[in-house]
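Below are structures written as structure tokens.
What follows is a pair of complexes built around chain A, which joins chain B in one and chain C in the other.
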Partner chain A sequence: MFGTLFFYYLFFMILASAVMMVTRKHVVHSVLYMLLMFFHIAGLYILLEAEFLAAIQLIVYAGAILVLYLFVIMLVNIKRVQTLREQLFGHLPFALVSAGLLCAGVVTVLARETLLKKPPEVVARVSTLSNPEALGQVLYTQYLFPFEVASLILLVALVGAVLIASRKI
Partner chain B sequence: MTITLEHYILLGSLLFFVGMAGFLIRRNVFLMFMCIELMMNGVNICFVSFSHYYHNLSGQVFVLFVMTVAAAEAAVGLAIILTLYRNRETLNADEFRLMKH
Partner chain C sequence: MTAQVLDMVKFLWAHSVLQIVIVFACTLMMVPILTWVERKVIGHMQVRLGPMRVGPHGILQGIADGVKLLLKENIVPSGADKRIFVLAPILSLVPAMIAFSVIPFDHWFYITDINIAVLYVLAISSVGTYGIILAGWSSNSKYALLGALRSAAQVISYELAIGLSLVGPLMMAGTLSMVGITKAQAEHWFLLPQIVGFFIYFVAMLAETNRSPFDLPEAETELVAGFHVEYSGMRFAFFFIAEYANMVLVSSMATVMFLGGWNPPFQMFEVMHVLQKVPGIFWFFGKVAFLLFCFLWVRATFPRFRYDQLMRLGWKVLIPMALGNILVTGIVLALLK
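Take a look at the complex of A and B:
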């Protein structure tokens, strides 16, 4: 019962803060609504028994990526951005039609079909381990090569970001 | 009434569509980037809920990779935005049309 209430609270808050984020005129307000949304998504991960991902969501998204956004917003001249004539609703019909069509399709499928016909047997879950331990075992054995590729992606992004931002083009 | 997998998928897909509509509506480059993050979070919710309901940890590992790519994308994208702003003095995506014609 408590889990159900908590889920509906998270459902409402995530969608509301996402809509608020998209519709704010000032970018800093959007970033703050995005922070609210990230916190609630972390709550959703806790509800889904993915505690490690909840922590990572807060540390990486709320702690690193959002701070990066805020820094760059501070670096650009915010006054000029504010006086910018922003066409908020210039592409509204096209966007709403395309997003609405896709949304209607997914909702129809979800309403008609049950995704989980029969739950598969518990195979990969190691019930005696906590979530970070089990995740680490899967990550460092089965997904070791993608993990190394991910580190390479981060290295390339690091070098690329420094190169692009520092060079006078 | 228990929460089923469909509830989570519905939430993830609605989040994805909000992000998609925002990406198409807004012309501020910052907002467009944040809408991409929104879409990635919608997909992440779907991954984690599948991982929970199918008792398989691969979904959570995928979420880790998605977060890695999101961090890399944010770093490179914000560097590009900074360079664009230095050269063009604007953040409106409609005014970046060097390659249009």
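Take a look at the complex of A and C:
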């Protein structure tokens, strides 16, 4: 009962803050609504008993990426941003197409999940452990290879960023 | 009647309401005491007397300052973004207060024990940055904006060092729960095996709370007062309380992660078990008080760093050291297994 109520609260707040984020005149206000949205998405993770993911959501998105956004916005000339906003409706067809594709993707994944509903043994094994422990065990055994590939990609991005920065100076 | 009151107290305790009230009140009360202690300690280190006028040896100075701030006019600059200007002090105070909810003060006294407690504290304290950035930006003042930008860069850089320095103790304890980490230190504190981690944490915690010698966001001599230059009255007091609450918070974190939390020292010797007669909460607050004294000690001793020195220390010294510490800890733990 409480969980359902909490879910509808999160659902409403995520939608509302997303709409507010897109429609605000001032970019800094948009970023603040985005922060609100990230918090409520973290709430969704907690509802799904994925506490680790909730904490990471806050640390990475709210703590690092959004701060960087704020940084950039403060240094960018606001007047140029406003002319960008006026051209916004020119991008409407692209926006509609990409939103439609995303929506179709989400719908197909959800439909397949509900159709091919089989109890995965991983869930059963993992649900006995606490969340960070379970995640660690699965990441370092079953999904070790994709995990290492992801970290390699991140490392390449890191080296690339350092290279670009040093070339400019 | 008394039975009813007792039942009520038991109910509130079981649902953590009482603990929340006590922790909240204590943290707020710490602020006037800590400001008085700070001025006294630094005064004596500089062969002055410090505050002497209000009460015996100026002990009521903090309360007098608080009343003064309460009664002062709240000024909002005409060029400021009003809503964000009002929001910023709240955004900096609230994270500092709610992070205390996972700190175990004793084995029977903590608000909650969750299995991601350390990550929770890191996540919540990263939100405190918004208070500072938004305060600087919404004031519509050059000094405030410069202070805010400096502070944001500093806090983001040193958050990495703090996070990495905590990985060592986490690996040794094998859990993210603060109660679990304290229990893992019942015999040996993590201070000695993790001395490198503790050093990194100590330096980074000074920077993370914008304290001297890393108080560049405030830097009176160049930026007047940095990000809160346009704030007055109660809103300024919010920033002030947040800074001191953050100091207590990072000291408590260091106590839990490295100094054994509520555990008394030297428990590997049988003789020293007599120290367990002293309540754990006493040990906890003793350690926190010592760390807070170190904050003031450092402030009275070191001159302020230059901005590029600060960044170099963070990125080129502390973070590689922390990564090395994780590697060595991992190898040693794997060999001991």
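Just so we're on the same page, the second predicted complex is superposed on the first by the 112 of 169 C-alpha atoms of A that agree within 3 Å, B and C clash if a C-alpha of one lies under 4 Å from a C-alpha of the other, contacts with A are read in each partner's own complex, and residues count from 1 in each chain.
In the analysis below, contacts are C-beta pairs under 8 Å (C-beta built on N, C-alpha and C of every residue); 3 or more make two chains touch, one makes a residue touch a chain.
Given the structure is predicted, the values throughout are model-derived calculations rather than measurements.
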Contacts of A:Met74 with chain B and chain C, given as first, second, both or neither: second
First, second, both or neither for A:Leu35, with chain B first and chain C second: second
Partner contacting more residues of chain A (chain B vs chain C): B
Partner chain in contact with A:Ser98 - chain B first, chain C second, else both or neither: first
Chain B versus chain C as contact partner of A:Ala64, first or second or both or neither: both
First, second, both or neither for A:Phe52, with chain B first and chain C second: both
Chain A positions touched by chain B in one structure and by chain C in the second: 52, 56, 64
Footprint of chain B on chain A - complex, ascending: 3-4, 7, 11, 14-15, 18-19, 21-22, 27, 30-31, 34, 37-38, 41, 44-45, 48-50, 52-53, 56-57, 60-61, 64-65, 68-69, 72-73, 75-76, 80-81, 84-92, 94-96, 98-100, 102-103, 106-107, 110, 114-116, 119-120, 122-125, 134-135, 138-139, 142-143, 146, 150, 153-154, 156-158, 160-162, 164-165, 169
Residues on chain B engaged by chain A in the complex (per definition of touch): 1-11, 13-15, 17-28, 30-31, 33-35, 37-38, 41, 44-45, 48-49, 51-58, 60-61, 63-65, 67-76, 78-83, 85, 87, 89-92, 94
Partner chain A, residues of chain C touching it in the complex: 81, 84, 87, 114-116, 119-120, 122-124, 126-127, 129-130, 133-134, 137, 145, 149, 152, 156, 159, 176
Chain C-facing residues of chain A, complex: 26, 28-29, 32, 35, 51-52, 54-56, 58-59, 62-64, 67, 70-71, 74, 130-133
